[in-house]
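Below you'll find a set of structures to go through.
Next, two complexes with subunit A in common: one pairs it with subunit B, the other with subunit C.
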Partner chain A sequence: MIVQSAVSGDMPKSRILGYLITAILLTLAFTPLIFSGSQPINTAAKICIFIVLVASYDLLIGYTGIVSFAHTMFFGIGGYGVGLALYGWGPTWISAGLGLAIALIVGTVLAFVIGLLSLRVRAIFYAMITLAVASAFAILAGQLSEYTGGEDGRSFRVPPLLRPGTVLFDIPALGVSVNGRVLSYYVVYVSALLLLLAAFRIVNSPFGRVLQAIRENDFRAESLGYNVVYHRTVANCLAAGMAVLAGAMSAIWVRYTGPDTTLSFAIMLDILLMVVIGGMGTLYGAVVGATLFILAQNYLQKLMSIASEATAGLPLIPHLLHPDRWLLWLGVLFILSVYFFPSGIVGKLREMQRR
Partner chain B sequence: MTTTSILAAADLSKAPRDLLPVLIAPIMVLVALPLVGSPTTWVTLTVAALAMGMMIFVIASGLTLIFGLMDVLNFGHGAFIAIGAYIAMTVLVPLSGWIQSDALTLNLAALLLAVTAAMVGTGLLGWCFERVIVRPVYGQHLKQILITMGGLIVAEQLIHVAWGGDQKPMPLPNGLRGAITIGDFALEKFRLLAVAVGLTVFTVMQLVLNRTKVGLLIRAGVENREMVEALGYRIRQLFVGVFVAGSALAGLGGTMWALYRETLTAAIGGDVMVMVFIVIIIGGLGSVGGCFLGAILVALMANYTGYLAPKIAVASNILLMVAILMWRPQGLYPVARR
Partner chain C sequence: MSRPVLQTQGLTIRFGGHAAVNDVSCAFHAGSLTAIVGPNGAGKTTYFNLMSGQLPATSGSVRLDGEEVTGLSVAERARRGIGRAFQITNLFPNLSVAENVRLAVQAKARSAASLWSRWDHHTEWIDRADLFLEEVNLQDKRDTAAAALPHGDKRKLEVALMMALEPHVYMFDEPTAGMSVDEVPIVLDLIKRLKAAGDKTILLVEHKMDVVRSLADRIVVLHNGQLVADGDPETVIASPIVQEAYLGATPAADVKGEATS
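Then we have the complex of A and B:
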């Protein structure tokens, strides 16, 4: 009952999917307490951040049917907003908050302007314009090195409470000491959870239904009396705002902001792969896609290097299985999923349940 | 048919050409002169811009034609640029004797061979791409964008598999190095060649589109696909032909672009594609003439601002695009009215 109202009545509609989501969220919740070492907690934090980022992208691509290639730009605005504020005005909560506020305003205004310029025309137009604007933004961030730190980016310090040196208390039974790092993980985790639930609230509201109507047939939605441009623009601004928040979370966690980690086109492709493989227009797909993708990124490469070594004698195959080529296989998976299961893993699981 | 529509048709054939957008380019060149100051720098920049514009045009023209005819925007076009350049490099490297020779004929023969190989290679690839990747998703924009993007990822990874990921030098033939000096003005030879190639492609394309049966069918197909089909033409084959030609042009453009930069990485396509998209948007989706003009405008803007204010050079093209879209929301010469 509580769960049902938390996800705004949009249940997984598949038993396996329900278990999967529960398992992912619970594992993420207890990662710092179960696993030791820095890699699991880093992976978990990255998953949380990308769940928000992919969910916000799903608002656009999955629910409204808009393809944007500027999502990393908003992610970067969030990262740079908080990062540069902490770098320039000192590591206090006030500067972090101020930086976030500025980033949110800049991000939504930019999304509004881009939307106004191109959303009235066509989906394909919007995709091209966002691609151009986002890459210009990335190059600009690299060029204006006095302000942004250029290609090297900026490392900065977070408020004292979130630093690894700050030990709050120990849990002797688990052998874990809760320090600033664990606390910042939970800041990231709780924000991710809240933002995900907010996204559920948005897509299951009357507003969200209109978005889906626009996705299915914008002409018809218009004739039913809904202002298509208005709805698309608002969805665009909401998604941008959420991406800005994801960027802020990333800045708090990584304590660094730079073009490669927040603005690069590679990340945009990652988001695209996550949302399509997970399942567009479901939001659950964002959770599944982000988790699978990041686990694959971290662990598939190890598997591939073993396979590559095992086939070392054969021609070409070791090159195809080289750990750096993991994106090749995910790309193939991406194409196959667009053709054969456009609703992704989540859609497939729901289909199995219905049978 | 009513009298008014006959009159309208007659008017259409005599309709004055819309020359206003064409004026932007000379105005831009003239405005730049006082800003740049020295006339020699100004000439060098303008020639460099024209060369760059022609290369972008060669790449963009194929893309815009494919879009105009088939309503498919191939985000994987960048992969063809890179693959064309890599094929050309593979041909040029063993021919180093010809490249380093002082005889211009040998230089050009090597180049011609490389370009032919690149165009044949990317053309074939385009044929496969159309069959495997694009054909199942005609008419579905969202899927098209996704699937061609997926094709781009896979193709870029395959380049890594085939040629390795590190930066490669692109051997520029000896005869094309250096510059021709006329008085005070130094004009780089390769840039002049690029301008010549670009103009040739533009002229041939215009002739084919406006003076041949195939061109007539292509233009008719852009205007109204169903009508052409109803008249008994197999438009499917026309589509495939245009797709292959567009991909081959990407291969040609990619080879030229790599020769211009003299280095080559798998990401080369992505860098150019941003400008290509801006050019296509400015020109109006599907319009070859608009694409030509857009390429010149973008290249002029990039070169002048690159000299005057290097840090905002990239943003300047976005501003140019925004300004033109405010003036004409569908681009300078909109063609595809869908």
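Then we have the complex of A and C:
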């Protein structure tokens, strides 16, 4: 009942998916308490950040049918906004908040302008316009090195409460000491959870249904009296705002901002892959897609090096399984998943439930 | 007679040199059902598109309730009360039948902007949508995706979408095309009930002459984009121009010379 209300009545509609989502969210909730070392918590934080980023992209591509390549630009605006504020104005909560506020305003206004100018045109042109704007932005961030640190980016310090050196309390039973790093993780986790639920709320609102109507048939939506450009523009702004917040979460966690971590086209491709693998237009797909993709990114290499060593005596196979080949195998996995689950993992699971 | 609800004045659209609708002036009044007939390619659907805004007029004007709407968008005209059911079925394919109709109910209620309320908590819209589903006898298929419906049901849903919008002007574009014989009466009854309400302005493009005869208060004939006859059904059907236009042999120039009066 509480769950149903939290996801705004949009239940997983598949028992396996329900278990999977619960398992992912619970594991993420307890990662700092269960696992030791920095890799698990880093991976978990990245998953949280990408769940928000992919969910906000799903709002565009999956729910409204807008194909945009400028999503990393908004992610970058969030990262740079908070990062540069902390770098320039000192590591206080006020500078972080101010940086976030400025980033949110810049991001939403930019999304509004791009939307208003170009959401009237055909989808393919819109995609190209966003690609051009995003490239220009990335180049600009790289060249204004006086302010942005250029290609090197900026490392900065976070407010004292979030630093690893700050020990809040210990949990002797688990052998865990809750420090600023763990607190940072929970800031990221709770933000991600709240933003995800907010996204559920939006897509299941009357407004959200109009977005789906526009995705399905914008001509018909218009002839029912819905202003298509208005709805697309608002969706664009909402998705941009959410991506800005994901960027801010990333800045707080990584304590660094630069073109490669937030603005690069490689991240845009990752987002696309995650949303497709998970299942477009479901939001649950964002959770599943981001989790699987990032786990594969982080652990596929390890798995492959084990496999490579295990097959050391055989011809050719150890070479194919060499950890350096991980991108090849990720590509193969992607092709297979698109081929066998065209509607994503979520779509497949729901289909299985219906049978 | 009272002021017309919908009126066109010299309405024209040209595609290159070809005038698909040419200088059509016509007024439609509340409480009447006007059938627009003519051979294929006469410009009937184009005329509809000009009135509801899907196509921009090259010249001439469209007035709704006395106000000029010629330059307004499709959405704005819909909000002002022009309802349209399309000849080629135009639905939200991956949404359920009920969701399709609910979107029209919501459009009528005009609270699309609500970002934070839950859609499934607006039970008044759900109930209202169910009402329109019953009118077209689709209540048993409410959870089916629109794309999965058989052709006849899609046509009925198309009509239900316009009904749920509760417009001032109902524009039916061949509502029974491709329907099976036992489905046609459902839609015809619906149009009859609308007509019986007495205050609606109904426009109907229809090929089947028996349907036209049983429903229309007035018939307008388009031929090669021009209005060639306009009057009560008996007179228009009996006129040589309709006989000829439906035989399709008469050149447009002759038709115009004889019949426009």
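Quick notes
Everything below uses one rule, namely that the second predicted complex is superposed on the first by the 316 of 355 C-alpha atoms of A that agree within 3 Å, B and C clash if a C-alpha of one lies under 4 Å from a C-alpha of the other, contacts with A are read in each partner's own complex, and residues count from 1 in each chain.
Here is the rule we go by: contacts are C-beta pairs under 8 Å (C-beta built on N, C-alpha and C of every residue); 3 or more make two chains touch, one makes a residue touch a chain.
Model, not experiment: these values are computed from the prediction.
Once the two complexes are overlaid on the shared chain, A:L140 sits against subunit B while remaining clear of subunit C.
When the two complexes are overlaid on their common chain A, residue A:L104 makes contact with neither subunit B nor subunit C.
Within the superposed three-chain model, A:V182 lies out of touch with both subunit B and subunit C [touch as defined at top].
In the overlay built on the shared chain, the residue A:L84 is in contact with neither subunit B nor subunit C.
In the superposition on chain A, A:V276 makes contact with subunit B only, not with subunit C.
With both structures placed on the common chain, the touch criterion links A:S205 to subunit C but leaves subunit B unconnected. Contacts of A:L196 after superposition: neither subunit B nor subunit C is touched. For subunit A, the partner touching the most residues, choosing from subunit B and subunit C, is B. Those residues of subunit C that touch subunit A in the shared complex are 52, 54, 73-76, 78-79, 84, 86, 90-95, 99, 102-104, 106-107, 110-120, 122, 161, 165.
Residue ranges of subunit A in contact with subunit B, taken from their complex: 61, 65, 67, 117-118, 120-125, 127-129, 131-133, 135-136, 139-140, 143-144, 265, 269, 272-273, 276, 316, 319-320, 322, 324-325, 327-328, 330-332, 334-335, 338-339, 342. Those residues of subunit B lying in contact with subunit A across their complex are 73, 75, 133, 136-137, 141-147, 149-151, 153-154, 157-158, 160-161, 165, 270, 273-274, 277-278, 280-281, 285, 310-312, 314-315, 317-318, 321-322, 325, 329-330. On subunit A, the positions that touch subunit C within their shared complex are 8-9, 201-202, 204-210, 212-213, 216-217, 219-228, 231.
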